[in-house]
Amino acid sequence: MTATDYGRAFAAWRAGAGQDWRDYTRHAFVEGLRDGTLPQASYLHYLRQDYVFLIHFARSWALAAAKAETLDEMAAASATVHALVHVEMPLHVETCAAHGIDRVTLEATAEAPGNLAYTRYVLEAGYSGDFLDLMAALAPCVLGYGEIGLRLKGSTGPYADWCAVYGGEEYQALCRDVGALIDGALERRLGPEWQSLPRATTLQSRFDTATRLEVGFWNMALSPIGA
Amino acid sequence: MTATDYGRAFAAWRAGAGQDWRDYTRHAFVEGLRDGTLPQASYLHYLRQDYVFLIHFARSWALAAAKAETLDEMAAASATVHALVHVEMPLHVETCAAHGIDRVTLEATAEAPGNLAYTRYVLEAGYSGDFLDLMAALAPCVLGYGEIGLRLKGSTGPYADWCAVYGGEEYQALCRDVGALIDGALERRLGPEWQSLPRATTLQSRFDTATRLEVGFWNMALSPIGA
Amino acid sequence: MTATDYGRAFAAWRAGAGQDWRDYTRHAFVEGLRDGTLPQASYLHYLRQDYVFLIHFARSWALAAAKAETLDEMAAASATVHALVHVEMPLHVETCAAHGIDRVTLEATAEAPGNLAYTRYVLEAGYSGDFLDLMAALAPCVLGYGEIGLRLKGSTGPYADWCAVYGGEEYQALCRDVGALIDGALERRLGPEWQSLPRATTLQSRFDTATRLEVGFWNMALSPIGA
Amino acid sequence: MTATDYGRAFAAWRAGAGQDWRDYTRHAFVEGLRDGTLPQASYLHYLRQDYVFLIHFARSWALAAAKAETLDEMAAASATVHALVHVEMPLHVETCAAHGIDRVTLEATAEAPGNLAYTRYVLEAGYSGDFLDLMAALAPCVLGYGEIGLRLKGSTGPYADWCAVYGGEEYQALCRDVGALIDGALERRLGPEWQSLPRATTLQSRFDTATRLEVGFWNMALSPIGA
């Protein structure tokens, strides 16, 4: 299984993002997770910022449900919100607790600028544009983590759990579902030849920008102070 | 148990809506459900329009999740979307099937103007305003059905099921939860004395308009042709 | 000069709307404006409702400016808002005053359901969709009035002024500009063959629904009581 | 005349922002404009980024017009959009041309992350919240430039023009108008004692975040590479 199983749109967008995509998925933070050299302070900083990120990420998927054109799209988006709010976030709270970050500390996390930039970009893309703009802006996070997870699966060391979660079958199945949701949404609006339309350029641009904002997020996470 | 258990805001809004509220909750359509005299053609027309309504209603709650200020608000709103999409709507499809309306027919339902007016009013209130505008516009449907259900519970005849669902403990618990969600949302933004603020007037106006649109919905439902 | 000068998209949408378009542009209200038989009470009712309509119409064009992709689109949309707020609406206030409706009365107008349905549909289309959804929902009003104006230009009788305004060169130029804005917006997003895409169906549906809501608006205007 | 003429809300928000406000209005970039020591490369970088900023800033004011509750609010917001699109931006293009940045180069400006973060934050605040959220997020830019302009007015050297524009009566009048718009909008929704409501805390937070994003914008502008 490879990341190409995440569908046609993702394959095209990933190729289109070029070096930005490599900068994101091969970032020093990611390599540090893989070989265990990531400083724990960076990981804890990441966990706290990721908590804030997940809130806005769930809001973005809720907006997708509001903007869906079919019941299937709505069901897929609302299932994602539900999983994020009722499964992922409680799990995140537990993980943080296991690392000594209690709930009060977690909820008091000040949002880093690189975090704010990313989440507001995604939400604004969704509000100003339509369901497709939102999907293109959400794809790098969902599917990039899937691709990273596939590569890091089986890593040992302090971050083995992280690698196991994103490389695991449950998360990989989610990636395939989201990839299929995106392909279906594109075809039902723009037809099978959507890549030849000018619209494809703005969607690629959404994907590229979100990818660069992922790089910024890793940069921020690596440097607990500032960013 | 009475509808006053649905919280302080609802009690105030309900009183403020006056005759409009009575026109809605004591509508001829409702009385026909109660005593079984509602023509079946009206009921089937209602079921089909309600299916279209539920789609937009779910979208509205998804928008509420996107606009929530706290995790609790988000969790409540997303649980509602989830219940609507994954429980209510499949149930609705079943009910319609039991009445001889197959899925294809159901999905081909042309949205009646009175239906469109109501759902777009609610969604637009949410997009143009904030979480509170959305709550005030959503309250008449959720809580009005609860109040009607309480009164009609135990009715026999062809619409006994409908009366049992909305008068039942599960739906009543939902109404109390939504009432508490609304009270909490108002207080955390506007403080305990929110009823004395000018904002209370615009929220009452949202509630009143949505109530009148519920009357329009019943009118439409009673008259299968037109409206 | 004919309404076909309003661009390619309008020509296609107008043809696609079929009987609904004729019901709108040949409505009894319109014929009454043309031959002067429209009861004055209906006209005054229309003027008051149209005042409320214009507020939401201006809001819709402002939303279009917020959702524009190019400076030219933004400039066109913002010029329309500006004209509506700083020219059309003051003019409307004057016209009403000349018919004995003072400003206080005008501002106290209760929005009729058929009015609310139309404006919220357009705004919600814009919020939930993108710039194109908004254009498709706005087109029937702007361009339909242009087409009606062309046909009624030169009418004498009590409504000669109304006919002269919408049939006049200034309004006709606006229609040509809006038609060109729409054609340009479609091509820059979807390419020259956009009519063959599935997206064309949803845009036609936006146009059709807005056209039917125009019919509903005339119906409401004809019957000062109710609707 | 002082910045306190910009209204009560601004005075409160400015005081509430504390050190962040000083970091913004006394930033090294600002001091460089004042005493002429700002490197020209920084100024040119700023001009190009500010062009991109103005587009989103105009979109934000257009959204404010869409979300306005009164005709006066709508007129004020739409006049601002109109001035930005039809006066400020052409002027900006001219200024850039005078500094050797032609239109093609200007329009090809790649949006810096600090720029994107700021504009999307403001727009998202407006979409997710209401008119007041938008005002609180827009205030630091509009009124902060006014306060800086007042202090820098009369500066000589290479940036005398910039100082004259923002310190000039036309811009100062705009600041007083926007200040009055904000005070009026707050009172008509939340009453005269709005500062005692919990809502005041979230509005202050909007203002604070936007102020910090202004600091980030200056940081980015000072360092033509990166940021």
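Just so it is clear, A, B, C and D label the chains in written order, and each chain counts residues from 1 on its own.
The rule is simple: contacts are C-beta pairs under 8 Å (C-beta built on N, C-alpha and C of every residue); 3 or more make two chains touch, one makes a residue touch a chain.
In this text the structure is predicted, and so the values were computed from the model without any measurement.
Peer 1: Looking at C-alpha means, what's the farthest chain from subunit C?
Peer 2: Looking at centroid distances, A is the chain farthest away.
Peer 1: Report the inter-centroid distance (CA atoms only) between subunit B and subunit D in whole Å.
Peer 2: Subunit B and subunit D have C-alpha centres separated by 42 Å.
Peer 1: Take the average of all CA coordinates in subunit C, do the same for subunit D, and state the distance between these two points in whole angstrom.
Peer 2: A distance of 35 Å separates the two centres.
Peer 1: Give me the residue numbers in subunit D that touch at least two other chains, ranges are fine.
Peer 2: 59, 66-67, 123, 127-128
Peer 1: What's the contact topology between the chains, one of line, ring, star, complete, other?
Peer 2: If you draw each chain as a dot and join those that touch, every dot ends up joined to every other.
Peer 1: Considering only the defined contacts, which subunit C positions touch subunit A in the complex?
Peer 2: Its residues touching subunit A are 66-67, 69, 127-130, 133, 187-191, 196-199, 202.
Peer 1: Going by the contact rule at the top, pick out the subunit C residues touching subunit D in the complex.
Peer 2: Against subunit D, subunit C makes touches at 55, 58-60, 62-63, 65-68, 71, 74-75, 77-79, 81-82, 85-86, 89, 123.
Peer 1: For a test of understanding, state which residues of subunit A touch subunit D in their complex under the given definition.
Peer 2: These residues of subunit A touch subunit D: 59, 113-114, 116-117, 120-121, 123-124, 127-128, 209, 212-213, 216.
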